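Below: a set of structures, written as structure tokens.
The following pair of complexes shares a single chain, chain A, combined with chain B in the former and chain C in the latter.
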Partner chain A sequence: MDQFLEFFIENAGIIAALPLWTFLIIIFGQNLGVYDNKKITVWLTCASTFIGFLWALFIFLWTLGAEEPFTKNIAWINAGNIQLSFGWLLDNLAAVMLLVVTSVSLLIQIYSHGYMNKDEGYHRFFSYLNLFNFSMLGLVLSSNLFQIYIFWELVGLSSYLLIGFWYRRPSAAHAATKAFIINRIGDCGLLIGIISFLFFSLNWWAASGDVYLSFTSLQPAAEYVLTSAGPIVYFLIATAIFLGPMAKSAQFPLHTWLPDAMEGPTPISALIHAATMVAAGVFLIARAYPVFEASSCVMTTIAWIGGITAFITATIALTQYDLKKTLAYSTCSQLGFMVMAMGAGAFAAGLFHLVTHAYFKAMLFLCSGTVIHGLNDQQDMRFMGGLRKHMPVVAYTYLIGCLAISGILLSGFWSKEEIFSGLYAGNNVSLLSLGLIVAFMTAFYMFRTYFLTFEGQYKGHTHPHNSPKVMTVPLILLAIPSALLGIMLSGKFFLPSFDKYIIAGKESFIHLEHNENLLLPVISILIALSGVLTAAFFFWDGFKEKRESVKITADNVIKSAKPIYALTTNLWYIDKFYYAFIDKVFLPICNFISRFDKYIIDGLVNLTATKIRFEGWVLRQFQTGQIQTYLAIMFAGLIGLVLIFVLLQLLLI
Partner chain B sequence: MELLNDIKNVFLPEFIITLFALLALILSFSLKKEHQNLIFFTSVAGVIFALYSLMLMGVSIEQQGFYESFVSNNFTAAFRVIILIGTGFTLFLSKDYIASFGKSIGEFYFLLLTATLGGMILCGANDLVAVFIGLETLSISSFALCGYTKSDILSNEAALKYLIFGAVASAIMLYGFSFLYGITGETNFTFIASFIQNYNFNSLLMIAFLMILAGFGFKISAVPFQAWTPDVYQGAPIPVAAYLSVVSKTAGFAALIRFVDIIFVESTLFAITLGVIAVITMTVGNLMALDQQNIRRLLAYSSIAHAGYILLGLAIMTNDGITAIIFYLITYLFMNFGVWAGIELFALATGKDNIDDLNGLAYKHRYFAFGLVICILSLAGIPITAGFFSKFYLFKAVISAGYEYTPLLVIALINTVVAIFYYMRVIKAIYVMPDEEVRSADIFRISFPVRLVMLISVVGALILGIFASPFIEKAKTVNISGIETILP
Partner chain C sequence: MSFLSLTLLIFLPLAGALIIYGPWFPQNEVKIRRFAKGFAGFIFVYSLLFLAFFNPTEKGFQFTETLTFPDGSPWIEPLGVNFSLAVDGISIILVVLTTFLVLLGLIASKFSITKRHKFYYSMIFVLQTAILGVFTAKDLFLFILFWEIELIPMYFLISVWGTGKKEYSAMKFVLYTFTGSIFMLASILAVVYYNYIQTGIWTFDLNTYTYMKAFTYPTLFGILTFLGFFIAFAVKLPVVPFHTWLPDAHVDAPTPVSMLLAGMLLKMGGYGMIRMNLQMMPEILKILSPLIVIFAVINIIYAALIAIAQKDLKKLVAYSSVSHMGIVLLGIGAMNIAGVSGAVFQMVAHGIISAGLFMIVGVIYLRTHTREIAELGGLGQNAPKIMYFSMIIALASLGLPLLIGFAAETLTFYGAFTSNVFNGFYILNQYIPLSIRLLTAIAIIGIIFAAIYILWMFHRVFWGNMFDKWEKFHDASPHEMVVLISLIFVIVVFGVYPAGLINIFAPTISSFMNLI
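Now for the complex of A and B:
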């Protein structure tokens, strides 16, 4: 059995290679016109992901018995005193992420077959999907910071391609550009951070003999950097590295790209912009945890950025009318939760929320996709309502998702409760109260979308049509982990514990003891329930008479709190500020500097080019095409060389 | 018995090539015209068998044969592999090109294999006479190959120019050999080297060195022995031009490196000579290439420039430099054959070979254009292609050789920048320029062997660029067991 598992460990790179091969097969098969059958594409894709899933399952089994992480590295570039390698690192964290990515991917690929079936870019869509899978799995398997950066860029690329999938729509093209540029800010910071980290620890790596920037020995390296660079520089380096996760996981103030990214096809929103890629930022924080952990200032910064993101985006989600945008802001908010947990030292809790969130948020997005598909691309909730009668499966799975994300007994409850108790144990009262407020808002806006979409009277124009099985079956399959995963891994009632599994072998990490009081869970449930009730009061038809009798309707509340409403509907003016900054400050400076480029640099270049062309012209005069000239040149050259060097030799000796 | 042993130990691939060359000759006059294609397969089989025998032969230790006039070791094996692969590529390129001329296919393959035989002898030659025999075998077959398309005036002119120039270069070289023989009284490299070690340096030796350099310089087209290159590359059949630019040059470099490293390693003056020739060669090549309109002439100048870069690796006279040269030649094999295959595909489809004719190619044949561009970028030395790493490694070797080589390095770097200009002109034509004259020729239906060469070259240029380290490590081991004993 051990040898059997060894095989999977030794060849873990195959998991990432399979989607790459599929990508190449589809893209060349299509462009060279080898085949044109959608079945081939979808079966290849699903088969490669399914094999990856099984493979990940075996790796997971192996980690249960393993004591040491497994690494395998191949030397890649030897440039002077820098040696870069790539390979794979398999530990508990990687195994969990592999399982999440492959399982969610598989279900979403099946769903996409239904969703994209009528689209003319069907094959292109699947080739991008495979490219993304390759990059994401490569990112998860990466054994060192440099390699993770390469795959980090690759997921960014596939995200860009998929957001702009319908590139003929200007809004999609703009959203793709925006996502790309904002991610570039973060990636730039990440690269600067990695390079400066490497710069300060170069001697350490050379002495240690380990693979450069390897995750397994990041902790002593971080300590070395801290002592050699000093705390202030170290803070800057760690913050620069954190810029990467900040952009990728859509944290304030770089969160603005994620809601716009919903211009892409809905399966992409579910897979990339909810379940996996945006969680890559949290994954990187977990991977490079020793780097952040070494400085408490960095940890505090991370925690507060997470908290602020959770709060701001939750307030924006309260007033959105676009179904997908609401879900997008909710994703930002939940990612804020994870980042906050990471920063507060509740390492395992943050990852636990990542896992549970991946399933229920993917499911919520797929539900919204089914609704939008059924209503012929209608996304505005004001034109929905009463859809429970038309598409019951979608409504009930959506309800499960809402309960899960709001933290009412289903999986979201258990992971959120762990975050809260982590914050409580770390005495972060201010962050804890912020978290509870956000939890209230989460329950409110999620059930607001539920009531507006599935309850009441249908307010749209087109007739809602039901979706094919290929789209509803993945929903049902995703509903199971969304409901049960939390309690199954909670560590309570003699069930296995996610915490113990993920912390295993990392005793050095801050480990917050859970105090087993019932107060916190009860409070969080009560808060969530009050959020649901508030939403029901405003938006459920059952309370219609009551709210009209006390004259507190949604419109009235909006009227009485106009400035706040304006703030949230205008997305806290963050986007507007960015555009104004670019128009009023950035572009004028650019224009000014470009003059220097135009007149001085270009002038120099043109001058040099003219000179070189002239020299070329002079030389060409000797290339007459006559063999006599050639031989004369040759003899002249030879005699010249002889004269020069014989003279030189006489002088030297 | 001793002869058989010698063949078995050091001469097996050359022997196989000889046999197959003769077989090709016999087949060429005994087969009917319809069956002449068989000769192609025979030649390919010969190259494959030769490669295979090279693997069978133990090359990890140095072995000598034929009264120590021929050696076989890791170093010569590396060059022989490059030569054989290059010959294989040339065979694939020629199959349809030569067939389109209709007559007498067989002799072409015979001449090609003979030239290869000469090149391989040149690699392992350890004796002045053996060097001369190898050089002449290679040269005379190449003269004939250049003029193979008899009805083409340019081809005739190329052959004649190549012949006259080659004859003069050989004569000068032979004169140099006679000087060397006169000084030392020996023709064997090893004996000459041991004699020179105890020899008081004088001008006679310098003159001998420079004259011998003329012969090698002619083969690798170094300035001032380069003048034939553009005319011959333009006139000769395309596969022959590709062969001259890679295989013939590799053979010349193999002999030159062994010659310099064994005999003339002692004095810095030789290093200075080589360094000066190197920078002049690359500068002249790049400057002349700037305004070329014909892509074959452009490639000729580009190949002169590349010879300059490679000579730089020899001029620093370190082990690192030799490693860099071997890696450079491997990458050069792929990227240059890629471009030549592209040119041949285009010429077969349209019959044109000006840069302007490539205008808007990317919108017609995007894969073809993409492959061509990858190879051109690789020649220019743009990252992630093989050309970047070979240049990078070469320049790194120059830096680590010592501060006195910094001026050479600076000139080489400036040259690299200048070179990008004319490579970019080709890419600009392919991707940016409008497609005014519509060329509807369908490249995808033409010549599977040529497309195969192109594919292999592009893949090679990319893989060598992305995974350079393993190959460089391999090149290092070649060098250590090869001639490290002689180098300081």
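Now for the complex of A and C:
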């Protein structure tokens, strides 16, 4: 058995290579006209992901018995004192992420076969999906910080391609460019951070003989950097590295690309912009945890950025009418939760929430995709309603998702509760109360979408049509982990514990004692329930008479709280501020420099030329070749000299 | 290996030019082009043989070849001028880049050149001879000779086949470069004379001044000489504020000439800087490196900001060229192995990428007869192939990992960041604590601007709504495909496997950096 597992460990790179091969097969197969059958594409894709999933399972089995993480590296660049490598690092964290990515991917690929079937870019879509899988799995397997940077940019590329999948639509093209550029800001920070980290620890790496920037030795290296660079510089370095996760995991103030990214096909929103890629930021924080942990200022910054993001985006989600946008803001908010947990030292809780969130959020997005598909691309919830009768499977799975994300007994409850108890144990009262407020809002806006979409009367115009099995089966399959994964990994009732598994071998991390008293879970459930009830009061038809009798309807509330409502519907003016900054400050600066270049710098060059030409012209006047001119000048000169001579004589006398 | 003669390599193109230009060659356009492509292909393959037989681990120059008169006396005996050619790890790469790009440029000439074919193709070959001469010269006199010869074909190539204010641009290019090279001539004479005073021998031999360098130059003399070289190469590279000839020349040159101009001519500046400023007088570069690095950072940021504001597609690409050449300058200023390797890598990467970008501009211009970005839009709808090829090249240009630009940029940034060349400097006895690390961090911000101008351009040209007038915009023709696919092949291969390229020149760089 051991040797059998050994094979999978030694060749783990194949998990990432399989989708790359599939990508190449589809690209060349399509462009060289080898085949044109959609079945081939989808089977190849699903097979490669399924093999990856099995492979990940074996790796997971191996990690249960392994004591040390496994690494394997291949040199990539060797020049001077720089040595950069590619490789893979297998430990518990990698195994979990591999399982999550491959399983969600597989289900979404099956779903996409139904969703994209009528689209002319079917093969293109699947080739991009494979490219994404390659980059994401490469990122998860990365053995060092530098390699993670490479795949970091590649997942960004796949996201760019997929957001801009319908590139004829100006809004999609715009969203894709925006996503890439905002992510570039994060990448730039990450690159500066990595290079400066490497610079300060160069001697350490050279002495250790380990692969440069390897995750396994990051902790002593971080301590070395802290002592050699000093706390202030270290804070800057770690914050620069954190810029990467901030952009990728859509944290305030770089979160604005994620809601726009919903311009892509819905399976992409589910896979990339909810379950996997955006979680890569949290994954990087987990991977490079020793770097952040070494400085408490950095940790506090991270926690607060996460908390602020969770709060701001939750308030925005309250008032959105676009179903996908609401889910997108909810994703931002949940990512904020994870980042906050990471920053507060609740390492395992953050990752636990990442895992559960991946399943239920992917499912929620797929549900919304089915709804949108069934209503012929209607995304506005004001034109939905009563869909439970038309698509019961979707409605019930969506309800499971809502319960899960709101934290009512299903998976989200267990992971969120852990985050809360982590914050409580760390005495972060302010963050804890922020988290509880956000939990209330989460329950409210999720059930608001549920009531508006699936309950009440249908308010749209097109006839809702049901979806094929290929789209509903993945929903049902995703509903299982969404409902049960939380309790199954909670470590309660003699069930296995996710925390113990993920912390194993990292005892040195800040380990927050798990809070065993029942007060916190009860409070969090009560808060979630009150959120649900509030949503029901405003949006469920069962309470219609009641709310009209006390005259507290959604419209009245909006009227009475106009400034706040305006703030959230305008997305806190963050995007507006950015666009104003670009239009009023950045582009004018560029134009000014451009004009400076054209008129001043080039002007000086041309002025020099003109000056020389003028001098030439002046001299040319004396070189006309006409004997009359020469004689006239000679005569004038002679007279001039005589005059001077005479004048001098007169003056001297 | 006697069949590998550098003299033959650099004079083969000239022979090609004579064959085409002579009265014996038919006037038929197709035949001329076919012969030119075949001949350039042969030269490319021949140059590849040099690469194959090149021994990267050997220090110093290889394939050294000195032509003498039959009686054994050198070319210009009283001055110690030799006709001698050689290559090392850096120049062999640039030689192969040159022959490769000339071949692609000739293939790309099919539609953009519509008149005086004989003259055009012979001029391209003359240009190739001159550039190969610059890269292979092992004699300072020969170096400047080829450096100046290159101006003649370039002048004609821009002013005869160009568009717009072509005579103005061609003249500006020639005068600007020429003015710069006067300073280089002065510096070369100064260095040679200094050597004469020290050793009593007149020699222009490059090896004596670089690999076999026996003495350091006195500071003031060194700085003046250094600046003489620097000005010449700064014009060519180009370094802000000596760059204004470049957008004009690029915009008015025909597509293949723009490709060659960006792909090879700018590299002459970088090559010269590594040879003269770095290898010949490192002790002076060490003093002046704050100046060089500041110039580099200005180049990267300033040109990128201008590129964002451009409304003309070709100008945008031209300014992106300036910005990317700033990275070469940064690597040289870093003065360590990683930095200089990055600079050389960036020269190759930029040569390939910018040739690709100019090719794309040419492809679009051929179909639409406009370069105004605002006039274009949605071109990807009818031309998905062009769109995807452009996308790959554009992504390479903004430094996406696993494409060629990334390895170059990262290596340079890393080299510059880890360099200990200065932690601060004095201006008028005032200490300014601006370390190379801080300046490099500013330079890295340039990658954000690169993403902005490249992707915004790509978005406006290929995505979104299409104007009705571009209904008939047709996809890439076979010869365009050949050019673009060849470039993309190189972009991907060396992007995924940069060691394949680095291993050729890194030993050379480490050998002379260890001497410093």
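Here are some notes:
Throughout what follows, the second predicted complex is superposed on the first by the 594 of 653 C-alpha atoms of A that agree within 3 Å, B and C clash if a C-alpha of one lies under 4 Å from a C-alpha of the other, contacts with A are read in each partner's own complex, and residues count from 1 in each chain.
As a working rule, a contact is a pair of C-beta atoms (placed from the backbone, for glycine too) under 8 Å apart; a residue touches a chain by one contact, two chains touch by 3 or more.
Small disclaimer: the values here were computed from a predicted structure and weren't measured.
Of the two partner chains placed around the shared chain by superposition, neither chain B nor chain C is touched by A:258.
By the document's definition of touching, neither partner reaches A:136: not chain B, not chain C. In the superposition on chain A, contact of A:645 is made with chain B only, not with chain C. Residue contacts after overlaying the shared chain place A:617 against chain B, while chain C stays out of touching range. Shared-chain residue A:154: touches chain C; no touch with chain B. Comparing chain B with chain C, more residues of chain A are touched by C.
Once chain A of one complex is fitted onto chain A of the other, the partner contacts of A:477 are absent, as it touches neither chain B nor chain C. After overlaying the two complexes on the shared chain, residue contacts for A:12 are found with neither chain B nor chain C.
Of the two partner chains placed by superposition, only chain B is touched by A:631; chain C is not.
Of the two partner chains, neither chain B nor chain C is touched by A:310. According to the touch criterion, the shared surface of chain A, contacted by chain B in one complex and chain C in the other, consists of residues 75-80, 609.
Interface residues of chain A, counted against chain B in their complex, comprise 31-32, 75-80, 609, 612-613, 615-617, 619-620, 622-623, 625, 627, 629-631, 633-634, 636-638, 640-642, 645-646, 648-650, 652-653.
Of all residues in chain A, only 75-82, 149-151, 153-154, 157, 164, 167-170, 172-174, 176-177, 180-181, 184-185, 187-188, 191-192, 195-196, 198-199, 202, 587, 589-591, 593-594, 597, 601-602, 605, 609 touch chain C in the complex they form. Within the complex formed with chain A, the residues of chain B that make contact are 160-161, 164-165, 168-169, 172, 201, 203, 206-207, 210-211, 214, 223-225, 227-228, 230-231, 269, 272-273, 277, 284, 287-291, 367, 392, 396, 418, 421, 467-470, 472. Taken in their complex, chain C has these residues touching chain A: 172, 175-176, 240-241, 244-245, 302, 305-306, 308-310, 336-338, 341-342, 378, 380-381, 395, 398, 400-402, 406-407, 410-411, 413-415, 417-418, 437, 440-441, 444-445, 447-448, 451-452, 455-456, 458-459, 462-466, 498-499, 502, 506, 510, 513.
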